[in-house]
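First comes the structure, then the notes that go with it.
Letters A, B, C, D and E name the chains as they come in the text, with residue numbers starting at 1 for each one.
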Amino acid sequence: METPALPVPESRSAIPPALRGVFPVLVALPVLALFQWALSESPFAVYLLSVIGVNIILAVSLNIVNGMTGQFSIGHAGFMAVGAYISGVMSLNLKEVALSFLPVAASDQVLFTVALLVGGLAAAACGFLVGLPSLRLRGDYLAIVTLGFGEIIRVVVQNTNAFGRALGLSGIPQYSSPYMVYFWVFIVVLAARRIAGSSHGRSLWAIREDEVAAEAMGVDTTGYKVRAFVISSFFAGIAGGLFAHFVPIINPGSFTFVKSMEIVVMVVLGGLGSTTGAIVAAIFLTLLPEGMRSLFNALGAEGSLAQKVDQIRMPVYGILLVVLMLSRPQGLFGTREIWDVLPRWLPRKRRGLS
Amino acid sequence: MAQLLQHLINGLAAGTIYALVALGYTMVYGVLKLINFAHGDVMMVGVYMGYATAFALGREVRSSLVGVALIFAVAMLGCALLGFLIERFAYRPLREKPRLTALITAIGISFALSYGFQLDIGFLPGASPRAFPEVIEPREWIIIGDRDVVVWNWQVISFLIAVVLMVGLQYLVFRTRFGRAMRAVSWDHRVAALMGIPTDRVIALTFMLSSALAAGAGLLYAIKDTSVSPLMGLYVGLKAFVAAVIGGIGHVPGAVVGALVLGLVEEFVVGYAASTWRDAVAFGFLILVLLVKPGGLFGRVAAEKV
Amino acid sequence: MSAVLTSQETRPPLLQADGVSIQFGGLKALTDFHLAIRQGDLLGLIGPNGAGKSTAFNVLTGVYQPTRGEVRVAGQRVNGRKPHQINHLGLARTFQNIRLFRALTALDNVKVACRAQGALHPHELGAGTKLRNAITNYRDWWRALLLTPHFQEEERELTRQAEHLLEVMGLSHRRDEEARNLPYGEQRRLEIARALGTKPRVLLLDEPAAGMNTREKADLMVLIRKLRDDFQLGVLVIEHDMKLVMGICEQITVLDHGETIARGAPAQVRSDRKVIEAYLGDSYLESHGGAA
Amino acid sequence: MSEAQVKTLGERRAFPPLLSVDGIKVHYGAIQALKGVSLTVGKGEVVALIGANGAGKTSTLRAVSGMLKPSAGRITLDGKDTTSLKAHQLVPRGMAHAPEGRGVFPNLTVLENLELGAYLRKDADGIQQDLEKGFTLFPVLKERRKQLAGTLSGGEQQMLAIARALLSRPQLLLLDEPSLGLAPQVTETIFRTLREVNATGVSVLLVEQNAHLALNSAHYGYVLETGEVVMAGPGKALLDSPEVRRAYLGE
Amino acid sequence: EKKTQPAPSGEGGSQTAQQGQQKPATPPGGGEVPAGSDVILLGEVGALSGGQATFGISTRDGIDLALKEANAAGGVKGKKLAVRVYDNQSKPEEAAQATTRLVTQDKVVLILGDVASSNSLAMAEKAQTAGVPMITPSSTNPKVTETGDYIFRVCFIDPFQGFVMAKFARANLKLNKVAVLQDNKSAYSIGLTDVFTRKFTEMGGKITTTESFSQGDTDYRAQLTAIRKTQPDAIYVPGYYSEVGVIARQAREVGLRVPLLGGDGWDSSKLFELGGSAIQGSYFSNHYSPDNPDPKVQKFIADYKAAYGSVPDALAALGYDAARVAIAALERAKDLSGPAVRDAIAQTKDFPGVAGTITLDDKHNAVKSAVVLKVGDGKTEYVTTVNP
C-alpha cells in the first residue's frame, strides 16, 4: 500500500531500452494530431484548453523548484514574461517572413518553434541569474528575491519601447494551437517525471529534505538548485511564448506577482512535489472561474443583478482557496502521484526499480 | 539643498507608513514564520472601518480629538477582531501542516478581501477610490523659505507614532513575559505548551495586535495620502513586506529601519533619477541587500548547529 | 601495540588535520587540533559535552571553515572546499542529531548518496575541472531526460548498490519505508548506510550508539569493526558510551574545551588523570576498577 | 485489554496515587503506536519505562503531558481526569516534561529558556532561588547564560532542558531519555539530581535506553514492547529478571 | 522572403481578415439568434474587478441604461435586448477568454468594451477572428480599430485629445512651460503624453520635465517636488481621476500652485471629492460637458442619476453612446449576421450621442469634437469646444 515517494522508470517493459526514451513522444504526436482535429470547430474550447495547457506547464515547471527542490520561488510570472516578450517580439518581426522551401503554414510553425525556444532559453538564462543567489539565500529570503526579480522584469518591460511599454505587444500572430501547447505540456510532464525518477530528482528531493545532509552526502546543492531554476524557468518561458501566441496580446499587467501567486497556489493545492497533482490543480483552478460563469448564466445572467455577478468570481475564488486548503492541507495528492491515490481497481502503475 | 531636505522629509514620511505596516508583517512572521499575505488587505479593511466611522460621526466630531480617538479605536478594534477570525478559521487549523498551506489560505483571504471590497453590493464600498475625510487638519509646522521645505503636522505625528510603537514592540518582544512566550511559540509551539504557555492564545493575541497595528497604520496612511481604495492593501502591503525583509524579517527595529531606508531610496530615485524605474530600483536594492546580508540588514541567518 | 603504530605510520594518512582551530565569536570551540586517519584505523574521539567533538567533525567535513590550520583529505588541502567536494574525496559522516531525508524511503536515502564512481582522486578537484564537471552534469541530465540505455543501466547499478548497503546494515526489510517512520536505532543505521553509499575512504560517526540500548550497542560494535574491514575504511567515532569506545577503538583522542588533553590507547586514556577529571569522573573509575 | 498478559514481578512499594494511565491508545495516522497502555505513578515515586526503539515510550510520555490526545483510554492526575486537557493546562497542575530531542528554544538565550520554565510562576524570589539552584547543578549553564541555546552542544542542551523542567517546581517530572548523548560524568550528575529532586517529593516518570541506570534509580519499572506493557515490577526485580537482562542489557 | 499573403489588418471589404493561417476562421456572423428566440443577446467585456474596475463599472452602468431604455421603447426588430457581461479582471488574457466565450459559445450578435486599450485590443483580435462586430466605448488608442474591419469606437483617439490640450494650453491659456506627470502603467496616459509633448513643443512651448507614477500609487510628493524645481506654468497629468485628485492635493502641499491639465480620464463626480479644493481651477479635455443644455444630455444625466445614484462620468456617457450606436445599427441592419451588423455600424453618421455627435470615419473611429472643461466647486464649467 505504501508506495515509494519517488517514481522510477519502468524496468519490465516490452519496449527495448534504446527506444524507451523516445517512445512516449512517438505515441503522443499522432494522439495530439487527433486531439487538434477534434477541436477544430470549437474556438472557445481551443482557447480554454490552451490556457489550461499553459497553466499546466507553469505549475509543473514551478513544481520542480518549489515542490521537488523545496526552494520557495514566487517569481515564476517573471520568467513567463521573459519568454512571452522575447518570443512575441521575434514573431512580430518575423511575421512577414517565411521559409521559401516550406508551405507558409509550416514555415510559420517552424519560426514559432524557434521563437519559443529562444524565449525559453532567455527565460532559462534569467533563471540561472535568479538561481545564483540561492547559494546564499534560504527559504523566505530566496522567495522574496524571486518576487523582486519578477517585479523588476515587469518594470523593465514597462519602460522598454520595443516591448510596447504599458500597452504591451499586440497583434502577435496566433500561431499557438492546442497541438503545440499540449506537445509542450507533454514534454514538461515527461521531463518532470524523468527528473524525479533519476538520481537528479533524488538529489533535488534530498535538498528539499535536508540541505546540510545532502551536501555532506556529496550532493552539489548549489549546482542542483541552480539547474532546477534553469529548467523550471525554461519551461516557464515556453509557457509564456505559447501564451503570447494565442491571447495574442501581452501586457505587463498579466505578469504581476499575483500571477506568480496563482501558480504557487496550483502547485501547493496539487500537493508539493506531485506532478499529476499540479496538473489536476491547474486544470481545476483554470476551469473554476469559467464554471462559475456557466453557473451564473444558467441562473439567468441577463438580469440586472446578474450583471454584477461575474465580478463575484474573484472573492469567491479566494474563499474557495481557503476552504480547499483547509479540507486538503497536504494538497490533493500530497507528494504522491495520482495513481498512488486512486482506488485500487484502477490499473495501477507497476512498481519500478525500487 | 532645500529640495534635498524636502525629499528627505518626504522619504521619511513615506517610510514611516511602510514601517508601521511592516511591523505587523514582522510580528506575525516572528511567531508563526508565516508571511501573512493578507496583512495589507486587513489594513485596507481597517481604513474602510475608519472611513465609515468618520462619516457616522459627522464633520464636526470627527476632527475633534475624541473623534479621532474614536475612529482609531473602532478601526483598530475592528481589525483586531478580523485578525482574530482570520487566524482562528484560516490559519489555526493548518498549524501542524506544511508552512506553505497557510500561505495559500493567506492568499485566498487576500483575494477575498480585496476583490470582495471592490463589489458594490450591500455595505461593500465598490471599486472606485474615495477621499478619506480630513480628520487631522493638515497644518504646516516648519516652513523654510518660500515654502521650499515644508513639514506637516501629520508627518511628525506619524513618525513619532512609528518610533514609539517600535520601541514599545521591541520592549514587548524582548523584555516581557508575553514576548518571551511569543518567541518560544515561534520556535516550537508544542514545546512551548509544555512550559504552560497557552500557545493558541499567544498566537491569536499576536495576530490581533498586528491587525490592530495595520489598521492604525492604514489610517495614518489614509490621512497622509487622502485616498482609499480596495486594492490599496496590495500595493502598500507588498512594499511594506519588502521593507520588513530588508530590515530582516522578524526583527522589530529592522522593520522600521528597512522601511525608512526603502522610503528614502524610492524618494530619491524619483526625485533625482528616473521615476519610471522606482519599483525596479526598490526591488534591486532589496536583492542587493540580501546578497550582501542574506538575513537582511539586522536579521541573522540562524547559524544552524550541525 | 607499538608495532602496529609503526606499521601505520608507513601508510599515508587519508585524512589529516594540522593545528586546526575554530572560534565562534569569542568561544574557542577547537584549538590546535591534530589528527591523522589511515586506512584500517578505528579511532575514537571523546570528551565532555561541548568539548568540540562535533565541531571537529564539522571542520573536517567542510561544514565550518577553520580559522586556523589545515585539513587534508587524501593528501589534498581542502580548506575552503564545500562539503560535497570533500565528500567526493572520500570523507563521509553521520550526524549527532539524525539528519535523514525524512520523506524519502530508506532505499532512496541511500541512493541519493550512491554515485556511479567511487571517491575522486585528489587531482580531480583541481582547477580546470569545473568546466568538465559542468559538462558532465548537463550530459547526465540529458541522459536522464532521454532515458538512454546507459542511464537505465546506471540506475539499476545504483539500486543494486543501495540494496546491498541496506542488507549490510540489516535494513532490507525497511527498503520502501519512509525514513521518518523508522525507529530511532534503525534511523541511525540508515545514516551509516547512506554515508557508505558515497564510497568513502574515511567514515566519521557522531554518537552512533546514542539512543540504543545496551544490546543494540553491542551489535553496533561488531558492525563498526566489520564495516572497517569489509569496506577498507578508516573510521573515527565520537561516542559517550565508554564500553563501546574502549571496546573497539585502537586509539582515542580526548578533547576538553576544544583542546586535546590526551591521546593514546584505551587503557592509557582511561587511566589518564586529566581525562578522569574532565570527563570520565571518579565513579567511572570505581565502577571499572582501573585506578591509575 | 492486555492487562492479563503483563508479567508482574515482586511487590510494589506503596505510594499515594498520583498519575494513573488507563488503557490509552495512540495513533499517528495509520500507525498505531500505543495499543492500550496502563501504568501508575505514585506520589514521590520514580517510575522507569524501558523498551526497545519504537516501543512507544515517547508516545506514552506525550500522551501523559497532553502533547498528544489518546484515541482511547483515560489519564488521571491527582484524582482528576486530564485526558482531554491540553499541554499548557497540565503545567499548572504540576506536570513538567523534558521532551525527546530536548526541545530547547534555540532562538532564546539560556537564561530566557530557564525563565520560560517558570512561565506560570509569579514568585520572583522563588524563581531566582531555583535558578541559582539550577546553576549550581549545571555550572556550564551559568557560564553560558547569555548564549543562544541553539549553539549549545548536545549535552549542554540536555542539561538545559532538565534544568528548565525543574524550574516549574513540578509535582510530576517526565524525562525522555535524559542521558542521551551525555558524557558519563554528566549522566551521573543528572541521575544524582534526579534522586535529589525525588527526595523532595517530586514524582518522576523516566524513559531511558540505559536500562541499567534507569532501573537502578527507579522504584518501579514497566517494560514496553510494540505499544504494550509486557512486564512490570520493582526496578531491582526487573534488573534481575532474565528476560530484561537478555533483551535490554545484552547479556 | 516576404509572404504573399496580405497583412491581416485588412480593412473595409466584406472578407474577414484571417488571423490564424493554419485553419480558416469561423465563418463570419457568430450572432445567429436561434429562430423563434425573442431576445437579442449582446456581449460586454469590462474590467469589473482589479485595478481598472472603477472605469469598467461606470461603462457597464452606461450600457445598462441604454439597453433598458431601448427595451422600454419596444426593443429592436420586435425583440428584447439582453446583455451578458463578463469581467476581465483588468487583464488582456481574461478579456480574450471572455470575448471568445461570448462570440463562440454564447453567440452574441455584437460585443461592447473595454476602457483600457490593451484589454480592448485582446477583445478585438478575438471578435475580428470570429467575425462579430465590436464597439469599444472609450479605448482611445489608435491601434484598437486597426485590428480589423469589425472593430469600431465611439470616442476620439489619443492623438486628437493630446492635440486639443496642447492647443488649448498654448493658444487659450498662453502657457510657455508645462511639466508632465504621466501614469507609466497606463498606455492611455503614455499615448496622451507623447502627443501632447510633440504638439506643445511644435507650437513653441517647452516641456520642463516628464515624471511618472504607477496606477495605484497614492504618494506623488517625490515627483511633484522634482517638478516644482522646474517651475512650470502648469502640469499636464493625463491620468485617471482616481489618481489625479490626490495628485492635485499633494501638488498644493509641496507648494505647487499652478493649474493641472488633463484628459477625459479625469471625468468623474469622484474627482471633486478626491481633489477637494486643490483641483479647482484645473482644465481637462472631455467628450461631453454635463453643462450642455441639450435636453438629451440633461435627460441622460437625470436618468442615470436616478438609476445609479451619481452623475455619469465620461465613461458612462460613452458606454451609453456605444450601446445606442449598436442598437441603432441593429435596427438598421438587414439581418443580425456579423457582416450585416458590421456594415450597419460602419454607416453611422451624425449620430446624436450624449458625448458628441458621432460619425464613423473609414478607419472606424468617431470623428467628434472635444470640449475643454474647467474644474469648479463640485462641478465642471464648460470652457470651449475644439473641432478636429
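As a working rule, a residue touches a chain if its C-beta (ideal position, glycine included) is under 8 Å from a C-beta of that chain, and two chains touch if they have at least 3 such contacts.
What you see is a predicted model, and the numbers here were worked out from it, not measured in a lab.
Enquirer: Which neighbours does subunit C have in common with subunit D?
Expert: Touching subunit C and subunit D alike, sorted by label: B.
Enquirer: By the touch criterion stated at the start, how many steps lie between subunit C and subunit E on the shortest route?
Expert: The least step count works out to 2.
Enquirer: Where the centre means the average of the CA atoms, what chain is farthest from subunit C?
Expert: Comparing chain centres, E lies farthest from subunit C.
Enquirer: Would you mind checking which chain's C-alpha centre is most distant from the centre of subunit A?
Expert: Result for max centroid distance from subunit A is chain D.
Enquirer: B-C versus A-C: which has more C-beta pairs touching?
Expert: A-C
Enquirer: Could you tell me the distance, in whole angstrom, between the mean C-alpha positions of subunit B and subunit C?
Expert: Centre-to-centre distance between subunit B and subunit C: 49 Å.
Enquirer: From the mean C-alpha coordinate of subunit B to that of subunit D, what's the distance rounded to whole Å?
Expert: 44
Enquirer: So what's the Cα centroid distance for subunit B and subunit E, whole Å?
Expert: 36
Enquirer: Which positions in subunit E are in touch with at least two other chains?
Expert: If we look for residues of subunit E contacting two or more partner chains, we find 48-51, 53, 184.
Enquirer: Would you please write down the residue numbers of subunit D that are in contact with two or more other chains?
Expert: 151-152 - these are the residues of subunit D that touch more than one other chain.
Enquirer: Enumerate the residues of subunit A that touch no fewer than two other chains.
Expert: 158-159, 212, 308, 311, 314 - these are the residues of subunit A that touch more than one other chain.
Enquirer: Which chains touch which?
Expert: A-B, A-C, A-E, B-C, B-D, B-E, C-D
Enquirer: Under the definition above, what is the set of subunit C residues touching subunit A in their complex?
Expert: 61, 63, 82-85, 87-88, 92-93, 95, 99-105, 107-108, 111-115, 137, 140-141, 144-149, 151-152, 154-156, 158-159, 175-178, 194-195, 197-198
Enquirer: Along subunit A, where are the residues that touch subunit E in the complex?
Expert: 40, 42-44, 47-48, 51, 95-100, 104-105, 108-109, 158-159, 165-168, 170-171, 173-175, 177, 243, 247-254, 290, 293, 297, 301-302, 304, 307-308, 310-311, 313-314
Enquirer: Please name which positions on subunit E make contact with subunit B in the complex.
Expert: 48-51, 53-54, 56-57, 184, 211-214, 216-219, 221-223, 225-226, 228-229, 242, 245-246, 249-250, 253-255, 268, 270, 273-274, 276
Enquirer: Can you list the residues on subunit B that touch subunit C in the complex?
Expert: Residues of subunit B touching subunit C: 306.
Enquirer: What residues of subunit E sit close enough to touch subunit A in their complex?
Expert: 1-5, 7-9, 19-23, 26, 39, 41, 48-51, 53, 60, 64, 82-87, 89-93, 96-97, 100-101, 103-106, 117-118, 121-122, 125, 129-130, 141, 143, 147, 183-187, 189-191
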